[in-house]
């Protein structure tokens, strides 16, 4: 994709340089750029948080706005450079990180035309996802991929588990709605389902808790269920994680042993040299 | 069971067609029927929930009743068709799903004769279990069976674990009843047992919490126990899940033993060499 | 131990009969006796619980006392028969179950001489431990032993884990005592340690919760720690449980493979016939 | 390091004796010294705790101060003897335990010159870390090292997991800040993030809980996430712990590979036949 051409025009040269700086991190300048970007992303997120605290916003509102403008200008230039220097512009713009990069600057420009609402906040917070790009570049995310892949492979089982759980909570919630008879916190079935989820996941806010003896007895059953059922997602992911560690690896051509570790050079069952 | 006959009378033909539509999902019509059924089940469950919210019920009560009648008529027709088209009527009617199908329409017809009580709600909510039939047809439940089987195989150990846990909670509850001396939330042994379960399962509503220093010290011990003991169900299910996973993989060609480990080269039952 | 003698005196005969009934459960009478005992133990525990509920006690106090007397007389006769019919009296009396059997009847006879205090309750609740004897006889506890043994084998690691945890909680508690500065719930270091344990075990009663921003930040760190650290006991017990499943079993005499399942008749590695 | 010299001056003799007593525990005196030290450390920690309880401090302040002086004098003498008797003084003084030993006596001497503040407390509590030195000597910590090593090996994955978790909580927190619209407990994004962490870790204090239906619905999603996500750290540590366990068992005699599985018959690194 990035093959060297014999003839490189002047324009292509700076494009390649800028491309290497902002898309890669194997040069000193590239690493420096990534670090600056990381600091700006974290600073930007921090500003959004502080803006939401009324005492800070009252004192430092103009500073926050000023920093927000500076950072947005930097992000805009960066976004423009990304589009200019990359060859396959389309695939970048509609890639996951391309959209995040665009959303990171959108709220500011939107706010010039329409009044700022609190719903802009969440768009501004999505900027934070950009840190993954940087960690990605810095070769820090291999273990992260392993986790995500293990989750993805067990996601089907986890969805079914959650389906069971939700249906269980709906039925238990309806039961408690009947038992606790319209008491505070159990005014409706959705409220009771909320309580059932709070209980079975062992969160237990305590904003809603059973009052009648029968309600308490049912709660005990539900809590014991939740305490035992938690083993299921754990079992699924643990089994999958062990699996992934092996699946990625090789297989012995002689004895068919597929329990081959990353660093194995000989099969542990038959002694065959691997690859 | 569904063998083709050379001579199919007219009546048998539409029976087979309807049977294929409502009991199977491998035809387009069958799939469409399942989707409509799924939507109606979810809608019906949603209506029951909304009915329980007084502000919605006040405004939309007649709409809810109207929709309930429509859905019940659909379910009744469906139930009748199921009985008419299936050959082994008895085994369907008394099967798990046959009973659920019947209970799904029962509350409505009962309400024509006896006054509606809130206990009808739970019967109406049981309809939701019908979604499993649809997911079942859609070949979505293989992983679900795996989970259920792992739970079933470890259920004996989990029951014993729960027995230990309950006896432990009863004794700790009695102890706390003595220690916290009739304080609020510890008025009786059952109340104190409720607190012990809330604590050991790490739910921690906070509606009952210890007040005396000795009570707090005992709570600390109980919480640390609960935090460590949670490993037990997890360990049981994880071990069982790893076990079950292997079952699916290899099978001995001679004796049919399906409990073959990943790294086995000989069948452990009959000594046959495996592949 | 129970060898047949050629000459059995009359007295020895009924002793053997009674011994078989109360100590074993392989005869019909023995099983019946165990079931009656189980019912009486559960009834007795239930009575203690109900006695502690003031509204029930007010109404049914004399019934409770009457039932307690009946049950205690039964337990006393049973205890006497156990001592009379067993050969090795000493080892029974000082065995775990012998002491529990004695403690089960002690509170009643003590109450004839000294005034009843609430501390008798816990002694009466200990009766419940007798159910284990019955489950034990009924061959229900094999899986229970597996769990207990897995816990025992990993207990050393769990103790060290708890030691780490306690020291961590003490230090975090002291830190929060300084940070939250004598606020409600953080009046002293022991109180703050109580809060730290409530938080790290994810119980979270909410009777004590941080108020200052710094306190909340520290809480976030502590909660995330607790959420990650819970993996440790789980990992220990899971590893041990997998281990125990294998350790109990045989070992292949030819290839030394020690991963032999319960039901294996041939070694899965080398195909050697096992015993 | 501790080689015997032919000529040992008088001074060196008592130095060696003291060294063996305070740095080792294989002599009777050494063991006695360790036990005394353990008791004093625990007593000292206990005193700091009790001092923080105002009712105890009011009554027993002078006793606490007296004991603190005695213990500090003991610790000071011990610290001096450690420096005097060890050969490599520098490496001791700047070792982890050397610093802890110094910090254990620092607060007392500081308090002679500057007024005592509550921040001294935490320094005094750090003394408790000294118990690890004693357990270490007593050969009690092998299992502890196993746990620590398993945690260290999986720490990279756990950090990434926590990074995901924190970013997830920040985004969910911002969302809830918008949804619950400045209600109590959701006054700012940091507050809402605090709530998100309390919820996802299943702590659930209940000091902040959602009020609006949409907020409750989002909470349900968050709780179910937290309940499923907890499987990830557990899976990581369990896999790692299983791994570590194997390391200790076999070792390849040829290449020294210590990562040998239970069922391996050949070394996976060099192909050497194992035993």
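The letters A, B, C and D name the chains in turn, as written, and every chain counts its residues from 1.
The rule is short, and it goes like this: a residue touches a chain if its C-beta (ideal position, glycine included) is under 8 Å from a C-beta of that chain, and two chains touch if they have at least 3 such contacts.
The chain list, named the UniProt way, goes like this: A, B, C, D = Ion transporter.
Predicted model only: the values in this text are computed from it and were never measured.
Visitor: Report back the single chain whose CA centre is most distant from the CA centre of chain D (Ion transporter).
Guide: Centre of mass proxy via C-alpha means gives B as farthest from chain D (Ion transporter).
Visitor: Go through A-C and C-D and name the pair with more C-beta contacts between its chains.
Guide: Pair with more contacting C-beta pairs, A-C versus C-D: C-D.
Visitor: Between chain C (Ion transporter) and chain D (Ion transporter), what distance separates the C-alpha centroids? Give it in angstrom.
Guide: 30
Visitor: CA centre of chain A (Ion transporter) versus CA centre of chain C (Ion transporter): separation in Å?
Guide: Using C-alpha averages as centres, the distance is 42 Å.
Visitor: Return the residues of chain A (Ion transporter) touching two or more other chains; collapse runs of consecutive numbers into ranges.
Guide: 161, 190, 193, 202-206, 230, 234-236, 238, 242, 259, 269
Visitor: Touching chain C (Ion transporter) in the complex: which residues of chain D (Ion transporter)?
Guide: Where chain D (Ion transporter) meets chain C (Ion transporter), its residues are 45, 48-49, 52-54, 118-119, 121-122, 125-126, 128-129, 131, 135, 140-141, 143-144, 146-147, 150-151, 158, 161-162, 165-166, 190-191, 193-194, 197-198, 200-207, 230, 233-238, 240-242, 245, 262-263, 265, 275.
Visitor: List the residues on chain C (Ion transporter) that touch chain D (Ion transporter) in their complex, please.
Guide: Residues 156-157, 160-161, 163-164, 167, 170-171, 174-175, 177-178, 181, 187-190, 193, 199, 202-206, 209, 213, 216, 219-220, 223-224, 226-228, 230-232, 234-236, 238-239, 242-243, 255-259, 269.
Visitor: In the complex of these two chains, what residues of chain B (Ion transporter) are touching chain D (Ion transporter)?
Guide: 202-206, 234, 238, 263
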